[in-house]
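Have a look at this one.
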Amino acid sequence: MIIVMEPKTPDEVINKLRERLLDLGCEIHESQGVNYRIFGLIGNTSSVDADRLRALDGVEKVIRVQEPYKIANRLFHPEDTIVQIGNKKIGGDHFAVIAGPCSVESEDQIISIAEDVQKAGAGFLRGGAFKPRSSPYSFQGLRENGLELLKLAREKTGLPIVSELMSLEHLELFIENVDVIQIGARNMQNFELLKEVGKTCKPIILKRGLSATIEELLLAAEYILAQGNDQVILCERGIRTFEKYTRNTLDLSSVPVIKKLSHLPVIVDPSHAGGIWWLVEPMAKAAMVVGADGVMVEVHNDPANAKCDGQQSIKPERFSSMMESLRELAKIQKKII
Amino acid sequence: MIIVMEPKTPDEVINKLRERLLDLGCEIHESQGVNYRIFGLIGNTSSVDADRLRALDGVEKVIRVQEPYKIANRLFHPEDTIVQIGNKKIGGDHFAVIAGPCSVESEDQIISIAEDVQKAGAGFLRGGAFKPRSSPYSFQGLRENGLELLKLAREKTGLPIVSELMSLEHLELFIENVDVIQIGARNMQNFELLKEVGKTCKPIILKRGLSATIEELLLAAEYILAQGNDQVILCERGIRTFEKYTRNTLDLSSVPVIKKLSHLPVIVDPSHAGGIWWLVEPMAKAAMVVGADGVMVEVHNDPANAKCDGQQSIKPERFSSMMESLRELAKIQKKII
Amino acid sequence: MIIVMEPKTPDEVINKLRERLLDLGCEIHESQGVNYRIFGLIGNTSSVDADRLRALDGVEKVIRVQEPYKIANRLFHPEDTIVQIGNKKIGGDHFAVIAGPCSVESEDQIISIAEDVQKAGAGFLRGGAFKPRSSPYSFQGLRENGLELLKLAREKTGLPIVSELMSLEHLELFIENVDVIQIGARNMQNFELLKEVGKTCKPIILKRGLSATIEELLLAAEYILAQGNDQVILCERGIRTFEKYTRNTLDLSSVPVIKKLSHLPVIVDPSHAGGIWWLVEPMAKAAMVVGADGVMVEVHNDPANAKCDGQQSIKPERFSSMMESLRELAKIQKKII
Amino acid sequence: MIIVMEPKTPDEVINKLRERLLDLGCEIHESQGVNYRIFGLIGNTSSVDADRLRALDGVEKVIRVQEPYKIANRLFHPEDTIVQIGNKKIGGDHFAVIAGPCSVESEDQIISIAEDVQKAGAGFLRGGAFKPRSSPYSFQGLRENGLELLKLAREKTGLPIVSELMSLEHLELFIENVDVIQIGARNMQNFELLKEVGKTCKPIILKRGLSATIEELLLAAEYILAQGNDQVILCERGIRTFEKYTRNTLDLSSVPVIKKLSHLPVIVDPSHAGGIWWLVEPMAKAAMVVGADGVMVEVHNDPANAKCDGQQSIKPERFSSMMESLRELAKIQKKII
């Protein structure tokens, strides 16, 4: 950790700071430049709170050298984490395709879509039972009943199911019923929820918040990992920017960046990012070539009648041709799809 | 609601859409421009899901005319909402000052600060018991014990207490113990939490999410209001932008905008927005002159030893002189402070 | 164009507006909803200034239906524009690779790099002679001399040269010396410059501004096109967001979006977007699969000694292996590279 | 300057870097933490290019300690700069009010508005002659003729005139005719233009770019200052964010921040920031209380017929009452208005 003092800080303030830093149990390196005096803290600075140092008299800025996340850090865990779900894998050479409707609407709907995406080659079925909607007047999902229907679809197709958990009170329900728990973008910093899923051993898909930096995403993952659950899959799904044509801006650079910083698998959701069905295929292909470990795609047999997000869902035929393209690219990328 | 068709849409697609719109039970106005055909939906369009229309063949864009929130909408409730807390008021001519430490740390700390801010003229005491922190390794608050200490401070000073609720499981605890429940920026779209606090009759301070538009903030408030709780106070606390010098960018224009769109009181948090103590006073003054109904300010008797956010806290003396400035401005703004 | 009136606007205000709209020579469709009265303007609304209508009494919002750009609009020009430069093409099935150093530094440097990138398969040589730098104390380029060195490299390799024009006063110099004029992100809305390059018949690469929407980029292109120059190539190079790890956020969704809205070719600059050399290859590959018409890549034989932007430049060997990957993908994408 | 090495960098790479740093003529402080080795460069690092260091093998990050701007830096020039224009001052205790129409449209218009704003107490007249417009089909200004009309208005009222320079080719014209040259947000990084106005001795108002950080604004000012012109006034006018209700987000925190970092005067443009006339007065008042040195406000006698930006212009009566409010606040702020 590096502490830059304000220019012209009086000696007694500097001396007080020095003592204080010594109290932290760290070694100190001090250098005096033309205008700035700098303290370098050496040793285990993980217990040092940068914000507290910033509040000290005479401190101009505090710069962390070490990344603030540890278990998620590739520095301490160089090999890729591979998450195993039944006989499926996510991470390493395995490219996961998770597909299904934004929300479960009926038995017919979910089973028909599940069969279609399985036939086309998807490895996992997604479907929302509890839906986070901006407006209280929008469809909120079939809730418990939605999970039941997902289970029926799993029985029929054998596809493991992925669904979003929105609240602690449903945690038991999800542990019993789904194969992968999804934490949505709006809950990425719902820390109480993160801690609790961290106590389970379910695989977790953690979506990047709309305004979360990559570092904050990794810190949110750290909340889960720190409780003992190491089955965490990160998901890039677009960040909020000034551009209005697309709903969000898919930040594909985040994939190679996260792969460098962390050993956790990273998948991409091209449906929510743009919010437009004809962007799904090109962006899914891009996800593959930048090194993502999978994609999560909305597929609906009747988008015009979908209860939510129809405009970003693709039809089963289109999904099937997208899978063709992904398979071609997987050969080049040496990924198992 | 206005539906713009893609240029050169075939007639049969247009006819199909027209039938579908008629099924919604709305009146339709149709116009054909040089390149674009437009449908206007008239009547009660509140049950019409714009996203579903966007997924229909031939639809280029769907534009809502009516705001999607209703109970929060000033159109249907022209007078200012005034929230009453004990003998204190927020809204209308009343300018509320809520002050206290980022987190409750000890009995001595919270009582000393409470007495200081009361003496200086604050109307409410704030203090975090459950703390949302980006890193799992940062101080997470004294939790239940923190609420107990806040209650001691309330006994001593008579100041109503405001504290942040992070999880449904603590709802009962908060209902029993605090006077105003704060929903933090990271939980602004934790819809399950919003619904539950909407079922109580506690005043709620709802903070704007880091990447939430004003419309989304009002929709989040609508989640609470729709459950029957009309004691909602909105709080502008800065949005995430590319600027790095300040932690967030305080969007003060949002205050007059929200006052135009909604009847709910709006307060401003100048401490979290900038993350820098010397920005607190000027931004609090600015909040007053743009028409805010109050400010929420972090005050700490020993910022350098604060367990969180010390760098954005002001000392009691500075708070006291800030109160002087606010009182001067209140006269000009004709506000009761 | 659609004009939404404020609720409860008095009749005389509405009547005055109606007259005014009739004066514009447009046909009017009027509809009265529960709360809002709406006017639809039909006919040639291209001469109607939406901002002026917004200033009228009683007007709540004005919504444009027609895109504000015309010559750039695919609606009126459905086939792809293909720009011809010597015997090279950009657009349609042709994928252009433009490579070279951020800035021209010496004869040896530029010729060595030019030969390397040509051997690896680049179609164009890029090199900065006049450099836009944030700080006045950074290297500003070799200026006129840089253009001379680029010409030497062209002679040696036959590669057409691309360089950035920063100021009107150098326009003649660029017309005489370079094959493609680049307008940088910072000058995307330097309208006087756009108008003047629009009067030439040189191919222009127009880079998206750091905070420009796709619509604004197309309007900037329209400035050039409206003067008669139809040889415009757009370039996505990253937009400014809150994410700090990468210099900017490459908005790859903009490629399919622009291809839908416009017939102009679109290339991608993966070097400036991220500002990190190891992001160049994955993002260039992603550009290919989302349908871009080319990439512009910084290559330097000695990045550590580059006079600018060394950290985002790749070495010739790496460029060569990137070309291999692009050629593999080009087969799948059916592009001529 | 601080250089953080990648963990596990081989010794020979570190040795090579050390030599290289010594070649820069700086003193080096070296420290080895648990995972990271750090080099501190001490001495005059102003000639060291951080980007070049970032390109070196083994370098993970480079952190500048010293601000990159010098002449604009308050560290080296602690007293406020006060710009003198005729008998008017901007900076220090002087609060400047610059008012007038977005664009000059006719003799009657500009003289009538000039007289109105003078009567209400404005100190300067603004008016656009050359207009930067997003669309080539929007009104581009009366150009040379607009400047002539501004001069007539100056003759009548004695108010110094401010107008925007968009291109080098009009520099002479502006030097001869206007009192203060404005550089617009879109040209904030038009470095060739900045250098040329830096060679004049005209006062310059430099507007912050839509996506410019405060540091970049100060570096742009440095371009002017470095050429010898020290009459630079900075102008906050809103930055681009995701919020759609307002055109841009006025970043009022930037005012106290810039005043801390630099000695240059800072004014605020509340008209362009929000793009809404009813935001002008509250935001102008906020500008006063956060410590700005003035405001620049659009006033139009007939906003509904304004040739541009009518929706953000206020009428003379409203301007007059805004001046009343500003005068009241000026007393509290101890500013001369």
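Note that the chains take the letters A, B, C and D in the order they are written out, and that residue 1 is the start of every chain.
Operating definition for what follows: contacts are C-beta pairs under 8 Å (C-beta built on N, C-alpha and C of every residue); 3 or more make two chains touch, one makes a residue touch a chain.
A quick note: this is a predicted structure, and the numbers were derived from the prediction, not measured.
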Neighbouring chains common to chain B and chain D, by label: A, C
Centroid comparison with chain D (C-alpha atoms), farthest chain: A
Centre-of-Cα separation between chain D and chain C, whole angstrom: 26
Computed distance of Cα centres, chain C from chain B, in Å: 38
Where chain A and chain C are represented by their mean Cα positions, the distance between them in whole Å: 31
Of all residues in chain B, the ones touching two or more other chains: 211, 240-242, 244
Residues on chain A engaged by chain C in the complex (per definition of touch): 211, 213-215, 239, 241-246, 249-257, 260, 273-274, 278-279, 282-283, 285-286, 288-291, 325, 328-329, 332
Chain B residues touching chain A - in the complex, by the definition given at the top: 46-47, 49, 51-52, 54-57, 68-69, 130, 132-139, 166-169, 186-187, 189-193, 195, 209-211, 216, 219, 222-223, 226, 240, 277, 303-311, 313
Parts of chain B lying in touch with chain C, wherever the complex brings them together: 2, 4, 7, 29, 31-36, 38, 40, 42-45, 63, 65-66, 75, 240-242, 244
